[in-house]
Each structure stands twice: as structure tokens, then as C-alpha cells.
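Several structures are given next for inspection.
Shared chain: chain A. Partners: chain B in the first complex, chain C in the second.
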Partner chain A sequence: MNPLFMSILLIVGLAIFTRTMVQKIQLLMALEPTTRANHISERIKNVVIIALGQKRLVGRKKEWASGLMHAFIFWGFCVLLIRSLNLYGEGFVKGFQLPLFGDGSIVGYLYIALKDIMEGIVLLMAAYAIYRRAIVKPERLHNTWEAYFVLCMIGVLMISDLLLDGARYNLIMLHNNPGHLHFFNNPQFGSEFAWTPISVGAASLVSWMSADALSYLLGGMFWLHIITQLTFLNFLPLGKHFHVITALPNVFLKSLGYPHEKTKVLDLEDESVWEDESLGINHIHQLNWKQGLDLYTCTECGRCKEVCPTYTTDKPLSLHDLNDTLKLELLDNADNLIKRSKLAASIKADTDPEKVEEIKAQMAELNCKKTLIGEVISEETLWACTNCRACEQVCPVTIEQVPRIIALRQGQALMAGVYPQELNVAFRGLERNGNPWGIGYDQRAEWADGLNVKIMADDSDVDYLLWVGCAGSFDDRSKKVSISMVKILQKAGINFAILGKEEKCTGDFARRAGNEMMYQMMAQENIETLNNYKVKKIIAACPHCLNTLKHEYPQMGGNYEVIHHTDFIDQLIKSGKITLNKSLEGALTFHDPCFLGRYNSIYDQPRSILQGISKQGLTELDRHGSESFCCGAGGGRMWMEETIGKRINVERSEEIVGKNVANVAVACPFCLTMIEDGMKELDKDEQIKAKDICELVAENMA
Partner chain B sequence: MAKILVIADIKQGVLKGSTAELLSKAKAIGAETAVVAIGSNIESLTSDLAAAGSDTQYIADDVSLELFSAGPFASCVVDAANQFEADMIWFGFSETGKAVAPRVAAQLSCACATEITDVTLNDEQIEVIRPATANKVIQRIKVNTKQVVAVVRAGAFEADPDIIGTQNLVKLSAPAPDLKAVIKELISDASGEIDLADADIVISVGRGAKDQAGIDLVKELADDLAAGFGSSRAMVDGGLMAHNKQVGQTGKIVAPTLYMAIGISGAIQHLAGMNGSKTILAVNKDPEAPIFNVADYGIVGDLFEVVPILREEIKKLRNLG
Partner chain C sequence: MKILTTVKKVVDVELNIHVENGAIVEDGLQYVINAWDENAVEATVQLKENNGAQTTLVSIGGPDNTDIIRRCYAMGIEDAIHIDDPALEKADSYVYANVLQKVYEQGEYDLIITGKQAQDTDNGQTGIILAECLKIPCVSNVVAMEVMDDQHIKVSRLGDAGTEIIELELPALVTVTDSINEPRLPAMRGIMMAKKKKINVMDLAGLGTSFEEVGGADLKSEIAEYMTSETRQAGQKFEGDAKEITAQVVNLLATEAKVL
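And now, the complex of A and B:
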């Protein structure tokens, strides 16, 4: 076309883009370190399934239409990358063909056919996207001019390319190809236009034009396409469309083995961390680079807030706003942070202690001044989160919200000393009596009196330790669950024991409320006890205990095989040690606990048990499985007041009531309390009975 | 003879009983006693202070001392302690005592023991007893400074009406004003209701009361007994009671002499807020309600029937008395 003009466009377009990207990357590199360069094959698998396969977009039944829309635009762009390279080549050399994709082989023909069809689909999808935003207006979407601008650019890209080919077709077929334009015409596969129905369709729209006009149209569309593409490229990093570039790396770098980055075991003995106030996150520069990348990648799709138990009950936490606010704070401090990291690098090279002090002082000057909680984000926002992970489960680009919230809470609890005061009662209870209610630790095993349950201190030669948990030990309602569990284990002839007085809270809620010191205290004491008895296998009746014992204690030297009671009971049933009689009357539903489902992927076992109990089978709630709705008690919320908006447990209980069931099964003591309270609140506690799965099993054993 | 200075606990111009308790104890262990009273227009209390068991009354009476401020109050105590050459300085258990005691100890460079339950004196060697780690252990602490500041746990000592002192008034000069903290305004609970944490009797109402009529019924019982009026979480969630009335894990923690749980089933969240009460009485329809596990007295019945009878019987007993 015009090599000089093409060169100028490319140099300017790419230079600006490179400059922006270098800044963005420098900013990430200025943040705290974290390790993600491992398990490459698993990471590639994630990219293929979640990013390329668009699993979380097309895989959600509720939103399959918009999911497909996005997926096709994405897949279309992937396909059209090759076409773009071809067009850039065309800018320099007339009739340019990429090796492999030329007219010499079937690949080239197949490609132009695919490209043609994809352009049509992407155009349709962009139109649908605009219609959806402007007319349907799903509540979760954040409608900005940016979004429309990008959709329009996508439309322009497709139309310009189709018209380019349409003009070409007309010039070649109707006007005898005056400019000797190149087109595929392999005797074996025929004319390229037999393969590109959409372009031919576009051609018919401009068939009325003269040859001269068509030549101008062709040139105009070519340059329009190139200029739009370069504008598009440079526009991406400026806003939410940065995800076009960062989503793939973000998915590649996602946490493995556990659904999100595990809370770091902070070294609380190190005096310097207290002096530098570097525990948790109080300022934006304390994010790690992956958390920064998460912020770059947020697409503002709003799925997170749509499924969030707090947002849907009118709490001030809107995860998408939280991401956006933090991103702005990060970008506001970008220059200082980059300077700061350069100074940090120079410290390493410098050995003169005076100089080092000087540089340190300069670095401190460049620290972000704003305290995140209070000055950037409100306290109510931070403490609203129940850690239920619904947001992370639906996020198409695998943003990890919860670890960041925990780190911010650590900053508040450990450094600022500002946190909901109700927590103090529970913390004090842990400290003194090893349970959040502060009930005398000596009463911990009283529930088991007369049940003939072994205590480890008397006899530790057992196959399993039954981890009872605080609720199961002290709460009258949950004690019934513990007793049922004992009945099941005794019936199945399992050799087990409990720790009794020696058991303490695992520290789950303390950790999630940011009190890492209290968590470590509990964890250390429990691990010491468990290792002392050489415990290998643990059955836990509480998903919070399960999660902490299974995933967090190994960080501190406690390695056990931990099984949730539903999993264990399911195994007992399958191996014939327990037989159920399908005798439960009335419809039955199941409320998936977050820490069982989303944290530990236990969805099938509870259902398999319940199918064997209920005469009528299992009725699923609208929000179930991986999209189950939290009861409101996770993340330390059990020990805080819920004063803003609608109560989460009432919202969930209403959903259960709406299913016209007589029984609701749960598998977590917190859920049991919350759902029962919700039923009382709605005056339905007589009609709908909330029970733990093991209570139902104990009542329906043959 | 050891010399013990007791800080008078004065609320709204009235001398509180704890002052006599501390002075009685001081005399009982054979010490010479003095009291320091700080406030405005309090000289008239001199005879009361002597009757409570003090032999010397140091009085700092000044308009500037009308409202409590830890700095100036501490200066007055230090002034009195120096004049009296006190070996021990005792505070009663109160928020003001807790705020002033460490300041006095710091200014006198001596030890400070909080929440003590007993004191012994052996050959000038002071020993204090205090419970620790939620009453799990009892500490016996030998004090190795010459003087000691102690905050006495509420109810640790008993007043002996037979122990009285002599009147010997010493006026203290007003201390320099505290420039670090100026009291601008005193805000107190405007409702005029009895504070749950201070109340000797607390009556709480739960879901069994159903609605406002039920609440009013129980409130009348509370008024009869001049009791603090609390509630379970359910009533707060239901919008029937204010959050500051909630007794429980995430509300107020109370430990009154008598706690009445009316129509409360006794979920663990509630028990955590009141199971330290000396005597617990529960009224509930459901004989299986967990509240009966912690109650000393239980009445199984509908509160709408039980509460009127209770009120009636209490009235009868009062008339007899």
C-alpha cells in the first residue's frame, strides 16, 4: 500500500504502546514479591481451560448467552490476529502472504473461510453487546463510555475489513481488476471468494460504486482498519480493557493447589516488621505484584458483586469498586513507587552504611502516604466480607479478592489496632479458654459424657481423631451434631478418639479477621498436641476446622490427612458399613457451606448421602454447588454484628423457604446457627427443620 | 505503723460505699488511715469521710475539679500521699480509679497492682493477692518498692460500720490545670435508663415476648425492680430493641447479682454474655430450652402468664417488708 505511511503508523503506535507497557510492568515490579514461576504444565492447562476455553463465561448456565458473546469476540480476535499480520505485510508489499497461510495450500483457504465467518460473528456479537448494555442493562454491569467506545472500535474493525474485501471482490469480479489486486485463485481450491460468503455479501452492498470509488473505498478501509487497530491497542492499557492483554498472564499466574493465595505465616518474632509496620497491608505499596496484576486485570464485569452475599444485602462492599479504588490508588502512586524500587535496588549495590541510611530515608519519603482503610476504603467495606469466595469462583480472570481482604484486615488488626470491638470478646475467649465464647476449657468434653468416647490422653492408639470443634463441644445445638457423629462412628465400628480438654479452636476466624498472632498461638498449641499423639487421620465435622487443619496447619508443621464428616460418612455408606433407610419424609434441600464447597470442592458427597435419606430426593436451591450463597458467618463475621442492610442469613433462609421444603440439610455449625436463626426470624422454624447431615444420617440409619 | 491513703469515690456529690470498704480494711490490718477527696463543693463530706474510717481528710475542693480529668486528679493524690507519707495508696475499682492509679504510681516511682483482692503486711513487707488469667490462678505478689499503688477489686473488702475515724481536715491547693486534656462536655446516656453494665439486677427479654406488648410487660417488671433492661439478639435483629440493649457475645457482657432471662431460649451467643451472673432465673415455655442448663431457678411457662404473677408476688413481699 504505502510503506512509508505504514512505517510511521507502526513506529508511532508501537512506541507509545511500549512506553505505556514498560511503565505498567515497572510498577508491578516495584511491588512486593511473590512466587508464581512453578508447575508450568498445570498453569498452561489453566490458561487453556479458563482463558482460551472461556470456561467461566460459557460455563455458567445463568449467563450462557453473554458468555458465548464474549467467547466469540475473544476467539474471533485470536483468529483475526493472523489476518492483521497479513494486513501489516500488505502495507509494505503488495500481495503479501504469510507463509503457510498463502494461496498455495488448503490451510490458507481454510483460514480465510474461518476469518470471514468469524468477522461476521464478532460483528453480530459486538452489536448484541451494545444492545445488552444499552437496552437490557444487566444490573451487574458498569456502564461507561469506555465500554461503548471499545465495542464501536470492534465494530469498525470488522466492518472495515469486510468492506475492504467487499471492495476487492467488486474490483476483481465486476471491474476486471484494474489495479491487478492479488487474490487466491488456486486451480485446486478455486477462487477465494467461493470461501468467503460474508465478504461477498458485503460486496453486494457496495456493488453500485464505480471502479474509482471502490479503489478509494478499499484504500480508506485498509487505513481505517490499521489506524483503529493501533488506537485500540493503545487504548487497552488505559482502562478495564487492559484485561485483553493481562487476562491470559493473570490466569497463568493464578494460585495452584488451593483456591487462592494462602495467608502468609507472618514472622511475628521479627522485631523489624513491627518497627517498619510491614505486617499485612496498610498502604498500597504493600501489595504484591500479582495483586497488582489482579487490579490491572479487573474487567469491571460485576459478576463478583452479583454473587456477593454482602453486596446483595446492601452492605457497602462492592468488590468491583474495591478493585477500581485500589487500582486508582496504585496508579496515583506509580511514579513514587517506581522511584522507590530503583532506590531499593541501589541499596543492594551500596555497602557504605551512611549512604544506605540516606537511601532508606529517601525511600521512606516515597512511601504511599494514604492509609488504605479509612482514607481510601471505609472500614465497613473491609469488614463486611464473609470470605465466602463466591466472587473468586465466578471471576472469569481469576482475581483473588479474599487474600487481599485478609491482608488488609491484618494491617488493621496488627498495625492500626482498629477493628470491630465485638471481636475482642471472641479473641479473649480464645486466649483464655481456647474457644470464642470463653466457656471454661475444662467443660470441652462434657458433651461426650456417658457416650463411651475415648479421649486421646487415655488411649491414643486409634485410627482416627474426631475433631469436634468449639461449636460441637459447647453449643447445645451443635452438641447434638457431635453426638450423632459419635453414634455413626460407633455403629460403623470405627476406632476413634477425641482430644477433649486438649482441643482448642483452630484459629480460623482469628486468622480471617486479621489477628495472625492469635491464629498462630492457637495453631502452634494444637499442632504440638496433635504431633505429640502422632495423629495421622482427622475427621472434622466443621468445614472451617477442616480447611484450617488441612490447608493451613501444614504451613506450620502440622501434616495430617483431614476428612470432612460428610466425606467420611459417604465412604462408610459406599463400603456398606452404614446402611440408610430412605425414610425421611418431606422435601429436602441442601445448603452448601462455603468452606466445604468452594474451598474444598466437596459437593457430591453430601448429595450422595442425602439422596439415600430422603424419600422425595433432593431439591436443589437456586444458588447451589459452587455458586451457593453464604450463610453470613464466615470470615469472622460469626463474631461481629451485622448492622448494615438486610441480614445475610435471612436472605438465604427466604430462598430456602421459597423452595417449599420441610428439611434443610447443612454441614457446618455456623450455617446451622445462621439458617436456624433465619427460620426463626421468618417464623418458619416449625415448618422447616435445619439439621446437620450427620444428624439426618443418625436418624435414618438401618 | 503503716500508712494507707484511700481515694474517696464520689459520684455526683455523694460518697460511694466502696470508700468505707477500703478504709475499714485498712484499719482492720492495723494501718493509720487517711482519705483524699477531690471535687468541687465537697467540703461538706468531711464528716462522712471521717465516719467511713479515715483519721485525716485531705480535700482538694476547687471549681476546676468538678469534672474528672486524670492529670489534675493524679496531682492531688500525689500531693496528699506526700504530705501523709503514705505507704500504700488504694483506689476503689472504677474507670476513674483505673485511669489515675498508674499515673500516681509513675509519679511516685512505685509499683502499681490492679484488681487486688487482699493485702497483707508483714514487717513492713507488703504482699498483695490478685487473680489472673480469668480467675484461673491467684497471684501472691511481694512488692519490692517502698510504696505501692493498688486498685482494689469491686466487692473485695467489706465495710465494718463499727470502724470509724476522726475528723482532721487538711485542705489541698488546687493543682495546675492539665493542658494536655481539657474536658469540654460530659455526655451521659440521655435515656436516663439504668446502665446494663452497672445494674445489680438485669432483666432481658427474648423472642418469647413476640412484640412490643410483650416487651412492655417485661419492662414493667424491670422498672418494679429498678433493674437494667436488656434483650437477646433476636429482638434487636427484629428491630424491637436497640442494639445497646443486646446482651451476648457481640453485645454487652453482664454479670449482675440477679439475671432474669424472660422468653430467651439461651443460644450460646446469649449465654456468653450473661453466664457470669451470680444468680440466673429463666422463664421459658420450652422445658428443653438450653437456658435452663445455666439457670439457678427456672419457670416453665408462658411469660405472658408468669410475669404478671411475678410482679404481683414481688409487690406483696415488698409490702410485707
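And now, the complex of A and C:
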């Protein structure tokens, strides 16, 4: 076409893009380290399923239409990458063909057919996206000019390429190809245009034009396409469409083995960390680079807030706004952070202690000044989160919200000493008596009086340790659950014991409320006790205990096989050790606890048990399984007041009431409390009975 | 303003206390800061934060009192005196008051804040005896406190019929209830920093006194024996409709309680 013009466009376009990207990458490299370069094959699998396969977009029933829309635009762009390369080549060499994709093989023909159909589909999808934004207006979307601008650019890219091919078709077929334009015409596969119905359709729209006009149109569309594409490329990193570039790496680098990055075991004995405020996240430079990449990648699609139990009940936590706010703070500090990291690198090279001190002082000058909580994000926003992970489960680009919230809470609880004061009572209880209620630790096993339950201190030669948990030990309602569990285990002839007064809170809520010190205190003491008895297998009747024992204690040297009571009961049933009667009257539903489902992927076992009990089978709630709605008590919220907006447990209880059931099964003591309270609030506690699965099993055993 | 605050380490009353042969079974017990003293510490720290006071804490007890002293440091107390003398093991309120008097005399304090009583003995005497020994004004059961000027404070005292507002000339002593504040949980950072702070540990000789001088050799009161109080029996739950329940209750009132 015009090699000089093409060269100028490419050099300018790519130079600006490279400069932007280098800055963005430098900024990430200036953040804290984290390791993500392992398990490459698993990472590639994630990219194939979640990113390339667009699993979280097309896989959600209630959003299948918009999911497919996005997926087709994405897939279309993937296909059109090759076409773009070809066009850049044509800018330099007339009739340029990429190896493999030329007219010599079926691959080239198949490709142009696919490209043609994809351009048509992408154009339709872009139109649908504009319609959806402008007319349907889904509540979760931020309707910004940026979104329309990008959609229009996508439209221009498709139209320009289709008209380019349309003009070419007309010139070749209607005007005898005056410019000797190249087109596929392999005797074996026929003419190119037999494979490109959409372009031919576009040609018919401009068939009235003269040969000269068509030549101008062809040139115009070519350059419009190239310029739009380079503009698009340079526009992407500036806003939420950066995800076009960062989503794939972000999915590739997501946490493995646990749904999100585990909370680090902080070295609290290191005096320097208390002095230089480096525990938790207090300032934006304390994010790690993956957390920075998460911020780059947020598409502001709003799925997170739509499923968030706090946002939907009018709490001031809108996760995509939180991402956006943090991203702006990060970008505001970009120059200083990049300078700071260069200084950090120079420290390593310098051995003169005086010089090192000087550099350290310079680095401290460049630290981000704003304290995140208070100056950037409000306290109410931070403490609203229930750690339920609904946001992470639906995020199409696998952004990890919860670890960041916990780290921010650590900054508040450990460094600033600022946190909801209601937590004091629970922390004090934990500190003194190893349970958030603060009831004397010596009364921990009183629920088991007369039940003939072994205590480890008396006899530790058992197959299983039953981890009762604080609720099961001290909360009158949950004690009934513990008693039911004992009945089941005794019926099945399981050789088990409890720790009795040696058991302490696992520290789950303390850790999630940012009180790492209290968590470590609890964990250390428990691990010492468990290791002392050489415990191998633990049955936990609380998903929070399960999660902490199973996933977090190994960080501190506590390695056990931990199984949730629903999972264990399901095994007992399947192995015939207990038999159920299908004797439960009335419709039954199940509320999935977040820490059982989304954290530990236990969805089927509770359902399998309940199917075996209920005469009427199981009625699913609208929000169930991996998209279950939190009861409101996770993340330490059990011990905080809920004063803003609607109560989360009431919202959930209303959903249950709406299903006209007589029974709601739960599998977590916090859920049990919250749902029962919700039912009382709605004056439905007589009609709808909330029970733990093991209570239902104990009542319906043969 | 210089404030002296007293803290005692007491048995955790959340635990079941067992008595054998007239003595408390120590096995399994744990000791914590007296809850009302924690309110006193909080009140002291709040005065420091709001009015710029100098804060000193005094605690009488064995070496393991260090943890509650550090806790008070973490809450914001600046200096601590730890009177650790094995001779004081059986001391009563009067002896404690005498020891505290010695501490007071060495420091020229403007205000003494104590908890209204200790959770273990529930005597509620030490603060009041101390004020008497020092011949300074004393108000007990204080629920609010306000500094008027260098010489005066205004306190609210919860009485049986209502609240008394009392203006006090300093130096003075107040004992506080748990209504006065919600003690802060020490900031984690404070706890770590408090580990390094020095505690001024001394025995009676170090304090410039002796066991005899504080009245230890001639105790005014002595614990002779502990006994367990009878536990309340569980209630009885009636089920059925109102008519049935009424019949059951009337029946039991007649046959078991024999009041009808």
C-alpha cells in the first residue's frame, strides 16, 4: 500500500504502546514479591478453561447471553489477530500472505472463511453490547463513555475490514480488477469470495460505487482499520480495557491449590516490622505485584458486587469501585514507586553502610504517604466484607479480593489498632479462654457430659479426633448439633475422641479480622496439642474450623487429614455404617455455607445426604452451590454489629421463605445462628425449622 | 497531672472454681487482670490522651504479674511499679492500702484511680482505706470523670436513687465501675513495643518499708475457709397448650411445692 506511511504508523503506534507497557510493568515490579512461577501445566489449563474458554462468562446460566456476547468478541479478536498481521504485511508488500495462511492450502481458505464469519458475529455482538448498555442497562454495569468508545472502535474495526474486502470484491468481480489486486483463486478451492459470504454481502452495499470510488474506499478502509487498531491498542492500557491485555496473564498467574492467596504467616517477633509499619497493607506500595495486576485487570463488569452479600444489602462495599480506587492510588504513586524500586536495587549493590542508610532514607521519602484505610477507603468499606468469596467465584478474570481485604485489616488491627470495637469482647474471650464468648475454658466439654465421649487426655488411641469448635462447645443451639454428631459417630461405631478443654478456637475469625497475633497464638497452641497426641484424622463440624485446620495450620506445622462432618457422614452412609430413613416431612432446602462450598468445594455430599432423608426431595434455593449467598457471619462478621443497610441473614432468610419449605438444612454453626435469627426476625421460626445436617441425620437414622 | 492507678491480678471468674478441704483447687485456674482495674487503667489512659496526664501503675503480686503490667503498658500507661514481695501473699485490703500509701508518698500524685473492687474477693475496701490513710477525698463507684482545672475534677457517682455529681479537690482518690468506659484491647503494636519497656520491680524493703510497718504481721482479717455455694437446680419445662400447662403447674404447686 504505502510502506513509508505504514512504517511511520507502526513505529509511532508501537513506540507509544511499548513506553506505556514498560511503565506499567515497572510499576508492578516495584511492588512486593510473590511467587507464581510454578505448576506451569496447571496454569496453562486454567488459561485454556477460564480465559480462552471464557468459562465464567458463558458458564453462568443467568448471564449466558452477555457471556456469549463477550466470548464471541474475544474469540473473534483471537481469530482476527492473524488477519491483522496480514494487513500490516500488505502495507509493505502488495498481496502479502502469511506462511500457512496463503492461498496455497486449505488452511488459508478455512481461515478467511472463519475470519469472515467472525467479523460478522463480532459486529453483531458489539451492536448487542451497545444495545444492552444503552437500553437494557444492567444494574451491575458502570455506563461509561469509555465502554461505548471501545465498542464503537470494535464496530469500526469490523466494518472497515468488511468494507475493505467488499470494495476489493467489487473491483475484482465488477470492474475487472483494474489495480491487479490479489485474491485467493486456487483452482482446487475456488475463488476466495466463495468462502466469504459476509464480505460479499458488504460488497453489495457498495456495488453502486464506481471503480475509482471503490479504490478510494479500499484505501480509506485499509488505513482506517490500521489506524483504529493502533489507537485501540494504545487506548487499552489507559482504562478498564487493559484487561484485554492483562486478563490472560492474570488467569495464568492465579493462586493454585487454594481458592486465593493464603494469608502469610507474619513474623510478629521481628521488632523491625512493628517499627516500620510493614505488617499487612497500610499503603499502596505494600500490595504485591499480583495484586497490582489484579487492579490492572478489573474490567469493572460488576459481577462481584452483584453477588456480594454486603453490596446487595446496601453496605458501602462495592468491589469494583474498591478496585478502581486502589488502582487510581497505585497509578498516582507510580513515578515514586518506580524510583523507589530502583533505589532498592541499588541498595543490594552497595555495601557501604552509611550509603545504605542514606538510600533507605531516600526510599522512605518515596513511600506512599496516604494511609489506605481512612484516606483512600473508608473503614466501613473494609469491615463490611464477610470473606464469602462470592466475588472471586464469579470474577471472569480471577481477581482475588479477599486476601487483599484481610491484609488491609491486618494493617488496621496490627499497626493502627483500629477495628470495630465489638471485636474486643471476642478477642478478649479468645485471649483468656480460647473462645470468642469468653466462657471459662474448663467448661468446653460440658456439652458431652453423660454421652460417653472419650477425651484425648484420657485415651488418645482413637481413629478420629472430633473437632467440636467453639460454637459446638458453648453455644446452646450448636451444642445440640454436637450431641447429634456424637450419636451418629457412636451409631456407626467410630472410634473417636474430643480434645475437651484442651481445644481452643482455631483462630479463623481473628485471622480474617486482621488479628494475626491472636490467630497465631491460637494456632500454635492447638497445633502443639494436636501434634502432642499425634492426631492424624480430624472430623470438623464447622466449615470455618475445617478450612483453618486443613489449609492454614500446615503453614505452621500442623498437618492433618481434615474432613467436614457432612463429607464424613456421606461416607458412613455410602459404606453402610449408618442407614437413613426417608422420613423427613415437609419440603427441604439447603443453604450452602461459604467456607464449605466456595472454599472447600463440598457441594454434593450434603445434597446426597439430604436426598436420603427428605420425603419430598431437595428444593434448591435460587442462589445455591458455588453462587450461594452468605449468611453474613463470615470474615469475623459474626462478632461485629451489622448496623448499615439490610441485615444479610434476613435477606437470605427471605429467599428461603420464598421457597415455601418447612425445613432448611445448614452445615455450619454460624449459618445456623444467622438463619434461625433471620427466621425469627421474619416471624417464620415456627414454620421453617433450621437444622444442621447432622441433626437431621440423627433424627432420621434407622 | 500525675495519676496513680492500681491493678490486681485475680482468678478468672469465668472458670468454675472448685473447693477442696476449705481451699481453692489451683489446678486448671488461670489469672487475669481484675476487670474493674482494667476500667481504671482505661480511665487513666483516657485522661492522659485528653488532658495530658503522667500515668503510673502499681501492682502488688508475684513475678507473674508482669503480663498484666505489660498489658497496661500496651494500653497506654507510661510507668509501672511492681511490688513483688512473697511476704505479702496473705495480705488483706488494709495491708495493700498501707503498701500503696508508701508508693503514693514517693510519687506525689494528684489522682489515684482504682477499680471499685477486685473480682476475686469482692471486698471493695482497698481504695477507700487508702484514701483514708492518705486523708484525701474519695468517691467510690464513679461512672464518669472530667478534669475541671489543675486542682479539681468532677465525677459522677452512681447511687441507689440516681447519679450524684461531685466536684473534688485534688489530690483525691476515685474507684470506678465498669460503666465508666469500655477498656480498649491493647493495640498489637503496643503489645510488641511494651515487651521492651522497663518495669520498676521492688520488694517492701526496696519501697522503704517493712512487712511489720504495713501491718502484715498483724493481719486485721484472714481467710479461714472457702466453701462452694450450692448450684441452682435446672428448671422444669412444660409443654402442651395453655390449658394443659396450667393443669400441670397447678398440680405441681399443690403436690411438690405444697404452696396451694
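Here is the rule we go by: the second predicted complex is superposed on the first by the 702 of 702 C-alpha atoms of A that agree within 3 Å, B and C clash if a C-alpha of one lies under 4 Å from a C-alpha of the other, contacts with A are read in each partner's own complex, and residues count from 1 in each chain.
As a convention for this text, a contact is a pair of C-beta atoms (placed from the backbone, for glycine too) under 8 Å apart; a residue touches a chain by one contact, two chains touch by 3 or more.
Not measured: the values here are computed from a predicted model.
Aligning the two structures on chain A places chain B and chain C in clashing positions.
Judged by the touch definition given at the top, the superposed model places A:Ala213 against neither chain B nor chain C. Contacts of A:Cys152 after superposition on the shared chain: neither chain B nor chain C is touched.
With both structures placed on the common chain, the touch criterion links A:Asp476 to chain B but leaves chain C unconnected. In the superposed pair of complexes, A:Gly438 makes contact with chain B and with chain C alike.
When both complexes are overlaid on chain A, the residue A:Phe427 reaches chain C alone and has no touch with chain B.
In the superposed model, A:Val48 makes contact with neither chain B nor chain C. Using the contact criterion defined above for the overlaid structures, shared-chain residue A:Glu681 touches chain B, although it does not reach chain C.
Shared-chain residue A:Thr643: touches chain B; no touch with chain C. In the three-chain superposition model, chain A touches both chain B and chain C at residues 432-433, 438-439. Residues 268, 271, 274, 413-417, 421, 423-424, 427-428, 432-433, 438-443, 501, 515-517 of chain A are the ones that touch chain C when the two sit in their complex.
Residues of chain C touching chain A in their complex: 12, 14-16, 28, 30, 32, 182-193, 196. Contact residues of chain A toward chain B in the complex are 422, 425-426, 429, 432-433, 436-439, 471, 474-477, 639-641, 643, 647, 673, 677, 680-681. Those residues of chain B that touch chain A in the shared complex are 133-134, 136, 207, 234, 237-238, 243, 249-251, 253, 266-269, 271-272, 275, 290, 293.
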